[in-house]
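Here you go, one structure.
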Amino acid sequence: MVQTIYESFGYVIPETVLSVFFVLTLLTSLVGDRRSKYLPAYTALLGFAVTGAFVAGQIGMDQLVFSGMYAVDPFSWFFKVLFLVSGALIVLFSMQSRELDTASTKYAEYYSLIISLTIGAFFMAGASNLLMMYLSLELVSISSYILSGFTKENPRADEASLKYVIYGAFSSGLMLYGISILYGLTGELNIYALNQAFSSGALSQVSVLIAIVLMLAGLGYKISAVPFHFWTPDVYEGAPVTVTAFLSVTSKAAGFAMLIRFFKIGFIDIAAQPAVAGMWQIFHGLNWTDIIAVLSVLTMTLGNLVALWQTNMKRLLAYSSIAHAGYILMGFVTLTDQGISAMLMYFVAYLLMNLGAFYIVMLVANKYQTEDIDGYAGLGYRSPYAAFALTVFLFSLTGIPPTFGFIGKLYLFAALIKTNYIWLAIVGVLNSVVSLYYYVKVVRSMYLVTPADSTRVDFGFGTNLLMTVLMVPNIALMLYFTPVLNWAEHSVLMFGLH
Amino acid sequence: MQYQFLGIGYLTWITFLPLIGMAVVLLIPKSNINAMKWTALAATILQLVLAAIIWVNFKPSLSGINDPNGFQFVEKTRWIDLPGVAWFGHVAVDYFLGIDGLSLPMVMLTALISFVGVIASWNIGKSQKGYFALYLLLDTGMMGVFVALDMFLFYVFWELMLLPMYFLIGIWGGPRREYAAIKFFLYTLLGSVLILLVMLGLYFSVNVTDPATGQAMHTFDMLAMMNPQNYDPHALFAGIGTYWRYVAFIALFIGFAIKVPIFPFHTWLPDAHVEAPTAISVILAGVLLKMGTYGFLRISFPIFPDAVLKFSYALAILGFINIVYGALCAMAQTDFKKLIAYSSISHMGVVLLGIAALNTQGVAGGVLQMFNHGVVTAMLFLIVGVIYDRAHTRGVNDFGGLANQMPVYTGIMTVAFFAAIGLPGLSEFISELLSYLGAFQTFRWIAIFSSIGIVLTAGYMLWTLQRVFLGQLPEKWKGLTDVNGRELVSLVPLMVVVILLGVFPSIMLHPMSATLNNLVDFIHKVGTGMTALK
Amino acid sequence: MASTESLLLNLALAVLFLPLAGFALLIFFGKKIPRQDLVETGILFTALAISIYIMVQKVFFVSAPTIDLTFKWLDLGAVAGQQGFSIDLGIAIDNIAAIMLVVVTLISSLVHTFSLAYMEGDVRYTRYYAYLGLFSFSMLGIVLSNNLLMIYVFWELVGISSYLLIGHWYEKKSASDASKKAFIVNRVGDVGFFIGIMIVFTSLHTFLLRDVFGGIAAQHLTGPLLTAAGILIFCGAVGKSAQFPLHVWLPDAMEGPTPVSALIHAATMVAAGVYLVARIFPMLTAEALTVIAYIGAITAFIAATIAVTQNDIKKVLAYSTISQLGYMIMALGVDAYSAGFFHLVTHAAFKAGLFLASGSVIYAMHHEQDMRNMGGLRKKMPITYWAFVIFSLSISGIPFTSGFLSKDSILAGALAYGLLTGNYLIPIIGYLVVFLTAAYMFRLIIMTFHGEPRDHHKYEHAKESPKVMTVPLIVLASLSIFVFYSFNPFNPEKGWFLQAVQQPASVVPAAQSYGFDQPVNDVQVTSPQQQPNAAELSVEAQKTETTRYEEAMEAVHYPGLALSLTLAVLGILAAFVVYDWKKIDAEKLKQRVKPVYTFLYNKWYFDELYDATAVAGTLLLSKSLAWFDGHVIDGVVNGAATLTRLWSTLSGKFDHYIVDGLVNFSAWFTGFLGKATRRVQTGKVQTYIVFALLGVIVIFYVFRQF
Amino acid sequence: MTVHVGLTQFLVVSAILFSLGIFGVMTRKNAIMVLMGIELILNAANINFVAFTRFGLMNLSGQVTAVFVIILAAAEAAVLLAIVLNMFQQINTVNVDEVDKLKN
Amino acid sequence: MNWYDILFYAFALITVVSAAGVVLSRNIVYAAFSLLFTFFGVAALYVLLSADFLAITQILLYVGGVLVLIVFGVMLTNRANKVEVKHGGLTLAPAVLVAGVIAGTLIGVLTTTKWPAASFEPYEETARPLGALLMTQFVLPFELASVLLLVALVGAVIIARREKARRV
């Protein structure tokens, strides 16, 4: 049901609230001590909380607002919740980060940029118009360029930031060019209209292909799919840990949300069989699933293989996040509801485990001043709880029971097997075996290597609590994942598909 | 439900008792090491007592395998219930435990070996808290594998035991522990992901009627997967003798074969054994290897009877290779533990040979061999542990003449060695005899060739015996002391079992015969499509 | 069941388990019991007494040929619609079992007695008696079993006792080597035995001998498989009874204490192989029997030739044992069942005696075993000497001894067999070995007891052994006299022994049996379809055939007797000529034939002397056999060990490099790919852009095809 | 009045501009010149949008998009230049290929 | 050939040649000036495409904004006015190849595609309808863009600002 412009404003209250808090957080720099991190952080947290309240009010909505620019549907709702949780956690993490203290006069800007990135991610999740997609993607990108170079005294952060901005700007340029071709072919920017144009079947397939490939370059950059992933390790390594964590979850999830919506709405024969909503039926000549499958295989394989050689923890997690993009893409290959719900479940798992891992990395960097895997030697004896938590996160990332990561993978593979992509499932499981090797390398360092210095280093109660908050669902959700599954199942609904 | 304590079934207790123990261990202050040991011991003793109670109450006449009514001590509750999700179907993962004659020996074995392992762990040198916590977690995982009847649950337990094992080898192991631990971990994970895929494939292929709602639903219930009529005709694994069923069988086979381990997936085993601490070697050889063959019998065989019939010859050949190859490799070893590790490969080949025969005596022999080998190898590793604790070397050639220095030790060891050789009157003889008898009936020549293993085993075992215990005692070992009371407590129960089962194998064979006969019958009938059963 | 019979069975069980109880007692409480040795010895004498009672009862008073006690040991139930799987076990007493009971317990108790002095002060005295108990138990188990499985079980157990006892002085490398060799070589034979059992069981679904025979009679197991089963089970006997080609372990087994050699490696355990063949005799086909006959003959010959050259007193006796066992096996092979078993019993007595006597000598000479250092002991040790002479006469087959009776029956059977089938080789070897036996035995006596002492120091200290050692000798010596077996010193046919030990009827199909001894009523067993000619055979013809073997035996008895006697006397004379009267200088002879002698002495070649007396074909065979023995058999065993070790090393390497290597290779390859891919990550953002664009181009051009 | 120049010609210009932009991004060492290349790409896209609007179905969304793209290009240029300036302050270089400490 | 065509080719030539100058010039200042011509050329093409508002925006924003920024950037980052900017020899060949393939592919595809309606419509004023669109249909992107600009502003400031206090 399409709303009028006026009515539409009612549906973007969460985004509006976030924008207001963006400004408010920015303004906190004018109040009190500029160097205090607490005021802006709490403002940002409040912002996420209030937004959360409004988002909660949107549950079950299924609307297309602003002349088809923006969809408020269960699918975007799922991601919005994800982004809010991720954003709030990052704010909490950042409050403990020592790294950010080098830029202590700019806390207000830092937290406001986290909010702005979240705003962008919100719009990415709901964008149903190519222009909206482009703009929201740029908003996320620009926020992340700045965030990754935020500790600007640190040359590594500068380097990360420069590479990111060049690569990002270039990729979005490619995407824009692709959009322009699509516009030329159809005269439309709305993806529902695109769908109708496609369904006429009169379009030049080569042009569509070139446009889609160019768009893939832009989307692929956001989700770090091979071969558009190259920026990822460098940026992840150079940027502050909190930012890396944020990028690896929110920015990536937003990219996936947009990718899914674009392809799912754009290329599925909605009229034919909405219930099945399975294969991409419009372009029989073009084998989209194969493209995605190849990208998926390349992405996870490359991510895993290169991760084997990493010695820097952040870089390792960067490659691991590339690999995870590959796994998630596996679900996308099916482009069926099952695949997408599996992807959504995986996002929940990914959020929990990846943020958890990065959190520990940050804590270790704080206390031990190291990001090297060798620096983790004996962590299991020096900071047992943190080491245990990291172990849980890493095994969850590997995907072995009893962790939630296992359930995530299970559903991805299930979706593949259900749709007879057995070869892809086999590649996937082999990859997860390979991945074990480098995750365990960290575990090995923590427990199997005896430290030179064995003084006990403890983290505060709050820190331990936060670790626990992240760790418990990683295990508890494995034992009882019904709610997440239900949620994911109900979140595959996109406006217009049902 | 008859067999309950505090409203919770026996099998749940036996599975999760160690977990309670683990919680207690974690709560004990780090300095109080004795309390941890005694907690672990108490947990395993209680487990053993429960196993004995289960044993006493077990009804041998029930048939198990594919018959839900043939299982005993059954506990079945919905664990995960997701009605009406479009594509995954009605997701119902049951908390479904139960035992039959196939799992009973394994439950007994696990309880026994776990108990012995705690005693062998008494002198663990560092991080006792972590050690006993992980040990008990491992115990839960192992026990769970043997009592789970829902494949999802089975898989969770299967993987659950992977993590503690990694740490137990990796932290408390020998000099190359890291390599061994990661090798073990990678291999086993590779195996289990294959199992995972097949499990999913089976899930989508099977459609049963939900008794509660009357709708059709997919299920992870192993028993439902065994009934060909439950398969959706268009599903991947539908039919008898179809292509994907063979593929799935092979994938499952590899998954389980890595655990057994079957040539050429065996190379993790010697490394893991050599590096693991004594108690963990005991667990590894005593229980973990049996999970592979248990997996064959519990899952591969009854779910893919057609494929079993097709590939049984290949299985037997692999069994033969394992026997001969393991024995030959064992002969070349000079590291005591490695030698025993290879001998395990050889002995597990007998299991494979027996179960591949697909007749009563072969399968019974194989299952009995699983139990017996568990006990005997546990003894052997304990024996190596005893000597390693004292001499800090495991080189077979470093010793000699220990018989005079450590007479009791030598006596016990002789029993273990001769049991491994398959001397009549000791347990392994019966199981090997039955395995070979079964195999001979089905694959005459393979059985004949495999019997070379009998000579080879005697060869390397006696050679080792000679090198370590006979001859002159080197001067440097004059200070070695004989086994102490604690070690006797761990060794003597096993020795009693070895002798007892050697003379009265019926104790163990009787409860499992109905189940195994049903299994054999089932495979032949369903595998050839003779009957779809009800 | 008649009360006598059940009494006998219970007594038999008592006999069986008494030594086991002794074993358990000594192993677990050995230190706490005073005079452990006497406990075990007492047990054995009790067992002996019971055994004698059982034998007398069974042989003379119980009419049933077999008293049987069977129970279900294992029942695995049945797969629906298929034959069930169950194993019945039990014990049975027939005449040969009863006689064997006495033989075993008798020799065992004498050895126990003898050891009281011989082993006095040994480091592991208690352990020694314990193992003797274990052995007695296992050996009695073989005797009493009524099924193949239990025979196999006890078969292994005697093997293990033998292993433990040979390696009694395991501090010596040679002793532990010997024990290991014994066990492993035996295992080779046992594998054959095991496979044979499997054939029988898979065909007939039972281990019980009576059911096995019944099944074969009902033609459930026929043809080549039956022959194979027979030969394979016989393989067990080949190992245990040290038959060619597995005889190599027995001489080495002399590393064990001498009483052990007497008990295990002379009288009882090695005879178990013969006993086994006797037990399964009805199921052996003609082909199998022929194989058995030849194996026995070859063994007898090879061992005898080697025995002649040996200087170690126990080695000579060991080869002699092998040779005599060859006789027994050969006897069974040529259908002279009773004669073979008879020889088993008589041999048990005199060979145990020989070993004990040699033990006495060794004891007196302070564990000197080399005969070249002895001599003149006759005066110092008269009892031992005279016992030795009686035993030697007996083994040489001189009239009025038990050995004469049994050996003569064997030779008669072999000769008859040769005449009937044309296999002359077997009787020829048989007679040849007679000569050799006499020669080496008297060489032994002369070198040990006659002439001048060669080691004066040891001679001075030598004295007659104590009573506990001489009494067993005297007992055994008297048992080597003919009266205990037959009152007719020249023909045992009518003696109680051969009356008691009647050849069982063969159950194999007529076409597969030796035609010449098929009892008349067996025609009914063979089915007409398989044996079209069987029905046509007239009763008369059958009778003729049946009697033909007996007639032949009858006919050749006295000529053969004369021949063997001549040969034996000749052998003794030869010994005297060379060693006592020195008509021919032994040293000179040796020097003359030095290379050959050396080879023979080393068990590599045979002496020229024997070449000359043997026919050309036998000569050739013997030469190649000597070579075979040294090169191939020991070579096969040693070489097999080397090869096996080599192979196992190789497989170890294979495992390490190839299998592990493959795994590591894939790991390496994975790593390599990772490394290579990593190189692409140059750190230069423009390179990344190039790759991204290449990706775009590749994707476009690849998928444009579709 | 016949007009020969049509959509195609504009598209060709756009394609050339696009490729030149890509070439610039790939080859220039100076980060600011890389930025110029990116601007070329964006301009190329914009020409497409406007041309399609003109020759196509005459809805103005193409032109609206072009307006947004121009705004965005400015914002992006500002951020990029800020980063380059900071870079120059920190490590005294603006050459992209010298910024390669993070790799492998 | 008419005036429109002539103008088109002229401006197209200017655009392309100056763009080539941007990417090929060895001097950064020359490159910046070339870029100016490119922007003007593109603006002229907009005019030819009846996009008057857009042409003005192009000149205002690009020439007045972006280009000034760029020149500032050039000034601030070059101590000496004349800095040689070399092409890297290593990446040149693949770059030529990649750019060539892309150009060829794009031109090939774009010229052969049958676009929906390739009719030439007369000029209409665009400023007013554009404004209306921005306030109605495109109001959300409009708002989003404003947030985006604010973010870029804040970001550029905090990144580029010299922090004298912390500089040593």
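Observations
We just call them A, B, C, D and E in the order they show up, numbering each chain from 1.
As a convention for this text, a contact is a pair of C-beta atoms (placed from the backbone, for glycine too) under 8 Å apart; a residue touches a chain by one contact, two chains touch by 3 or more.
These numbers were taken from a predicted model, which means no experiment stands behind them.
The fewest steps needed to get from chain A to chain E, moving only between touching chains, is 1. The busiest chain interface, judged by C-beta pairs in contact, is D-E. Compared with chain E, the chain whose C-alpha mean position is the greatest distance off is C.
Relative to the centroid of all protein Cα atoms, the closest per-chain Cα centroid is that of B. A separation of 27 Å divides the Cα centre of chain A from that of chain D. Each chain gets a centre from the mean of its Cα atoms; for chain A and chain B, those two points are 42 Å apart. Taking each chain's centre as the mean of its C-alpha atoms, chain D lies 5 Å from chain E.
Measuring from the averaged C-alpha position of chain C to that of chain D gives a distance of 98 Å.
Multi-chain contact residues of chain C, defined as those touching 2 or more other chains: 678, 681, 683, 685-687, 689-690, 693-694, 696, 700.
Those residues of chain A in touch with two or more other chains are numbered 131, 135, 138, 142, 145-146, 149, 152-153, 161-163, 166, 170, 174, 181, 184, 187, 206, 210, 233-234, 309. Within chain E, contacts with two or more other chains are made by residues 88, 91, 94-95, 98, 102, 105-106, 110, 115-117, 137-138, 141, 145, 148, 152, 155, 159. Chain pairs that touch one another are A-B, A-C, A-D, A-E, B-C, C-D, C-E, D-E.
By the touch criterion stated above, chain A contacts chain C in their complex at residues 162-163, 166-167, 170-171, 174, 206, 209-210, 213-214, 216-217, 221, 226-228, 230-231, 233-234, 285-287, 290-291, 294-295, 302, 304-309, 434.
Note for the complex: chain A touches chain D at residues 130-131, 134-135, 138, 142, 145-146, 149, 152-153, 155-156, 158-163, 165-166, 169-170, 173-174, 176-177, 179-181, 183-184, 187-189, 233-234, 237-238, 309. Remark: chain A residues 336-338, 341, 381, 395, 398, 400-402, 406, 410-411, 413-415, 417-418, 420, 422, 425-426, 429-430, 432-433, 436-437, 440, 443-444, 447-448, 478, 480-482, 485-486, 489 touch chain B in the complex.
The touching residues of chain D, counted against chain C in their complex, run 22, 25-27, 34, 96-97, 99-104. Residues of chain C that touch chain E in their complex: 686-687, 690, 693-694, 696-697, 700.
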